[in-house]
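As written, the chain order gives the labels A, B, C and D, with residue 1 at the start of each chain.
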Amino acid sequence: MQVALIGVSGYSGTVLYRLLKQHPAVDQINLYGHVDQAATPLATVVPAYQKETAMVRPFVAAKVMAANDVAFFATSAGVTQTLALPLLKAGFPVIDLSGDFRLQDPASYTRWYHRPAAEAAALTKASYGLAEFNHHLTSYVANPGCYATATLLGLAPVVQNHLIDPTSIVVDAKSGLSGAGKKLAATSQFTTVNDNLQLYKVNQHQHIPEIMQQLQAWWSAIPALEFTTTLIPVTRGIMSSIYVKVAQPTTTAALIAQYQQTYQTSPFVQVLPAGELPTLKTVVGSNNCALGINYNPVTKTILIVSVIDNLMKGAAGQAIQNFNQLMNLPQTTGLPTLPTFP
Amino acid sequence: MQVALIGVSGYSGTVLYRLLKQHPAVDQINLYGHVDQAATPLATVVPAYQKETAMVRPFVAAKVMAANDVAFFATSAGVTQTLALPLLKAGFPVIDLSGDFRLQDPASYTRWYHRPAAEAAALTKASYGLAEFNHHLTSYVANPGCYATATLLGLAPVVQNHLIDPTSIVVDAKSGLSGAGKKLAATSQFTTVNDNLQLYKVNQHQHIPEIMQQLQAWWSAIPALEFTTTLIPVTRGIMSSIYVKVAQPTTTAALIAQYQQTYQTSPFVQVLPAGELPTLKTVVGSNNCALGINYNPVTKTILIVSVIDNLMKGAAGQAIQNFNQLMNLPQTTGLPTLPTFP
Amino acid sequence: MQVALIGVSGYSGTVLYRLLKQHPAVDQINLYGHVDQAATPLATVVPAYQKETAMVRPFVAAKVMAANDVAFFATSAGVTQTLALPLLKAGFPVIDLSGDFRLQDPASYTRWYHRPAAEAAALTKASYGLAEFNHHLTSYVANPGCYATATLLGLAPVVQNHLIDPTSIVVDAKSGLSGAGKKLAATSQFTTVNDNLQLYKVNQHQHIPEIMQQLQAWWSAIPALEFTTTLIPVTRGIMSSIYVKVAQPTTTAALIAQYQQTYQTSPFVQVLPAGELPTLKTVVGSNNCALGINYNPVTKTILIVSVIDNLMKGAAGQAIQNFNQLMNLPQTTGLPTLPTFP
Amino acid sequence: MQVALIGVSGYSGTVLYRLLKQHPAVDQINLYGHVDQAATPLATVVPAYQKETAMVRPFVAAKVMAANDVAFFATSAGVTQTLALPLLKAGFPVIDLSGDFRLQDPASYTRWYHRPAAEAAALTKASYGLAEFNHHLTSYVANPGCYATATLLGLAPVVQNHLIDPTSIVVDAKSGLSGAGKKLAATSQFTTVNDNLQLYKVNQHQHIPEIMQQLQAWWSAIPALEFTTTLIPVTRGIMSSIYVKVAQPTTTAALIAQYQQTYQTSPFVQVLPAGELPTLKTVVGSNNCALGINYNPVTKTILIVSVIDNLMKGAAGQAIQNFNQLMNLPQTTGLPTLPTFP
């Protein structure tokens, strides 16, 4: 297959290129940048890929469709909706890593992303590609956000089965700095981040509405959730520590049994045995999501710990997983299931 | 004054020595180790203090009382109760950094510390030295634990004033590795900690009972709290992210006003303005506790973020603060109020 | 092919397992541990590999040879010489990641490793597998040490071509903590390593003699080298900063041309253009070695900066590269040539 | 005393403010910023100092001299020469942390700083304040650079006593990121720095000429030195690993004896015993410089390892030390001699 990758310079695009290079069904990767960008060597755009000889060429929708079988957009929200619209309208296969087509409601997009949404008719054509739960994709796949992936995989079993008080969800999420992207900022400088913790966008993060949209699709009784995000001094990895009150007293063992049932056919989800909780290193470098469960009978609270590599399962890895599903390949094709420990 | 420091080799003792050296009311620091330990140079016990010429001498209770005006115990829980008992019985001034005399209930101690408690009569003689709230100390001060200090200072205003649903407290605490002490462990190795997050002692941490004891002293309606601890890849610093449901709708501004009132005479507590939340670097190197408040009207949840330097306000710094109060010195004597930024 | 992996629990063995799993010529990996070790699940030995179902079985030389086509030893020096000797004597294909068969001179081994060497006759049968320079391997390949690989690849062009003062070599090498292995040590604790630099084994590191052996094979005039090692707060990566005085004045451009010529057929060696020096992130996660050259005409000194991932090109990756050469596969089979940036 | 601090917003100025606050001879700190800057709260300029109520006022030379007994300039090179010139001409006491008056030769300044130098007559009035060696300061003290301090203290005993081959000096210096200042740069982003090493300004660093100027003042036979700088993933700390060939064979013990003699009256210099080499944590948080010596008789090379806290002994701490000497106070007044371990 010939695949287009638009936006290789961001961290997600850079990691996606590496995965596509190792993918057995990909014969050729064609790189595209901004519409008005001159052809530029990949090695200039991504200095870490100094030995690569590929060129990044200007994006022209018709040419991209003519030369490729599928297109991955790793461009940022706002940019993607303009570039990708002709492909969406043409029914051309697209995996979109941005947030532009994840929300069905344009008003919600405008509120959380602080800019106009794509046209409503286009939004309805996109599939929300939470890969463990959506196996019937349309040609345009909106790849979920990193926080959303970790949080939704952690909550799915208890929400789908109505095991919790729907008003009680608290998510204390922690993320490494690669999630903040390459933009220069005082909050991303080493001297600020090292030996530090920083909360940001408390209850304001743009992944909140896609989490709510999916939770409510599973159980309409969920009214809202408390969602905080803390930057931690690591490069890769997200941990969502999720606290929910139970509807009825339960046990850790019963909950783990439920989680195992929900994910019994999911090759990338690891449900840990009772007494174990995942670390970031359980998953970083792989496309896995690891889940640990702890029920506290005194407070009637379940702690669910969900970890992913934000650039793999939270971005480029899940994009490949969706590509595999769209192309009727085995989900695990070309994707690592072992972390890069240590 | 002549002060005794028993247990200089642990991180708390090492930091305490540095603070005592700078303290204007301290004329001489006399160091003591184990009962059967030969006299050893401090520079051997703490290689970072290579230029110091002080000696660490064997601990003999009578000699310690004869030669000093006050004694700081930075020995570990279990050891302290034996060594310090003669001083407690004699009414000799003691600041005890261990957990041995924090809990009034011997059964609770045994359950959480997995060993026998000190005799019940002795326990009742100790004051729990949460320095912002206990200004009338007995001669034996049980210096609070690091997690307990951060969490209690964060919760005091809303608990004392009954502003919350008492069943709703969730504490997601994060700590640097110095909190785990110097003991060699796979979980403390650099290759394990770096680029990682690790939860440990979920709902099992030995600081939970002292938090409950104090919360219930403030408001007996508090039944329990959900309390998790996560090791983060930093050396110093604790952040307690506290989530509580409100009893009545409120605002961030009203809550901040309450916090400012509670802490208006507390020189080490910083209540941040609305819209700001503290980072670890706001406090590390100082004896400060910084508090940030965010009320979410959608979920009716207050997020309280409380940060301290676990070895300062969470251990050696608060010990000096208690010493100052015990000796009728100004609270801030010899204590830094500015962090060591960057 | 059926491959034996002896010693999966150390970092090199763990990384090697992951590489073997992705290798297209490997049908089955058979794991072996100590001679007297009961069969144990891999998931117990390497908790990061929790989803793997493979078993680690006791090592019996005859069974290993009967069931496999090749054996990788990732056991430690001292252990390997005993286990591997029957395979060496039988001419069975072995890739040995330990230092036990790298030195031809038993006395040198004893001096630097502080234990008896393997028998001299056995030592002569092993090939020193510096993969870029040794393409004619015997059946027993002694895979080079991590510091040796970085240093030798950095020095080869100037030593082989006699471009330097042979008495002037100074190597200031820096290594991440995974190079120190999993053994618990105060020097490997997070609180010691974080925010710190530590020199160790100055002029005493056991990789020095294999560097000297190879340098003298290239140019017998090299009498010795100054070699220091500094632990840096990173998990993976080695940088050798090499300083040599030139024999005749030269230019950076001329030197780079020489390096490009030496490595023109080496798929894993990147010679950077003038003005660029490699970082660890240029290579970590790949099997590459990146080289940067800077000539200072004022001091007549060449700075050569050589970086590798110590667990890939410095251990498991070069082991696969040697395996590929031994089996007449393309050198790059199953090996990543792109780093895991970021 | 009333002291002026011009330029509190950079890291050196921020640390200097904290030291001045603890200094027993300082009654009041008056803060000044740019000439045309409106009065601004310190808490705005340095958010880490949120509880401070001091104001930063616009700089006017006459007012600064009228209101203060001494002025510290922590402004950047280029800015300082303009602001400080009136004070220098008036003979007003100044401690200048910038590089503007360190070099006697204007041409050298222009070459290394890439901008015009201060007038030559002014340059000759400044004292180079390497505090261990210059006790007779003029009223204008040019405080040395961080790399220069570490390197010169390491080299002084062997250079002053002509113990080395003067053409053989190689300095492999490593620095934490606070040395790079607060300016936003891709090379200072956490994702770039973490788990990485980056060389920069190889043989181009602007501290090289002040090192050469001082070395040649000690021994005119020194022609040049090889000097490289590597950014390491730590916030504070510099290590200079210095390699020199000896003039005559010697021993580690003899060298250490020489170092002890040179520094016998220096309260901040620690010469470690044979077999020990300093780590960054030996000094960070203190004004100390720790020196370790290792002689290799095989290569006839001395390794000298010199470590300092770049913001203390390398900037604000040495500024206080020079202030103390200028004001005839004991050198150690107001300066910590113990590191902030851990």
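Definition applied: a contact is a pair of C-beta atoms (placed from the backbone, for glycine too) under 8 Å apart; a residue touches a chain by one contact, two chains touch by 3 or more.
Here is each chain with its UniProt name: A, B, C, D = N-acetyl-gamma-glutamyl-phosphate reductase.
Nothing here was measured: the structure is a model prediction, and the numbers come from that model.
If we look at chain A and chain B, which chains touch each of them?
C, D
Hey, which pair has more contacts between C-betas, C-D or B-D?
C-D
Would you identify the chain whose Cα-based centre sits farthest away from the centre of chain A?
So the chain farthest away from chain A turns out to be D.
Averaging over Cα atoms per chain, report the distance between chain B and chain C in Å.
Here the centre of chain C sits 46 Å away from the centre of chain B.
Starting from the mean Cα coordinates of chain B and chain D, work out the distance between those two points in Å.
36
Report the inter-centroid distance (CA atoms only) between chain C and chain D in whole Å.
So the centre of chain C lies 39 Å away from the centre of chain D.
Residues of chain A that contact two or more other chains, please.
Counting only residues that touch two or more other chains, chain A contributes 11, 178, 191-192, 194-195, 233-236, 281, 342.
Can you list the residues on chain B that touch chain D in the complex?
On the chain B side, the touching residues are 11, 14-15, 17-18, 21-22, 46, 48-52, 178, 194-195, 235-236, 270, 272, 281-282, 285, 288, 290, 311, 336-342.
Going by the contact rule at the top, pick out the chain D residues touching chain C in the complex.
Residue positions touching the partner: 167, 170, 172, 174, 176, 191-192, 194-199, 202-203, 224-226, 228, 230, 232-237, 239, 241, 243, 277, 279-281, 284, 292, 294, 296, 298-299, 301, 303, 305, 307, 342.
Touching chain B in the complex: which residues of chain C?
Its residues touching chain B are 11, 177-178, 182, 184-186, 188-195, 233-235.
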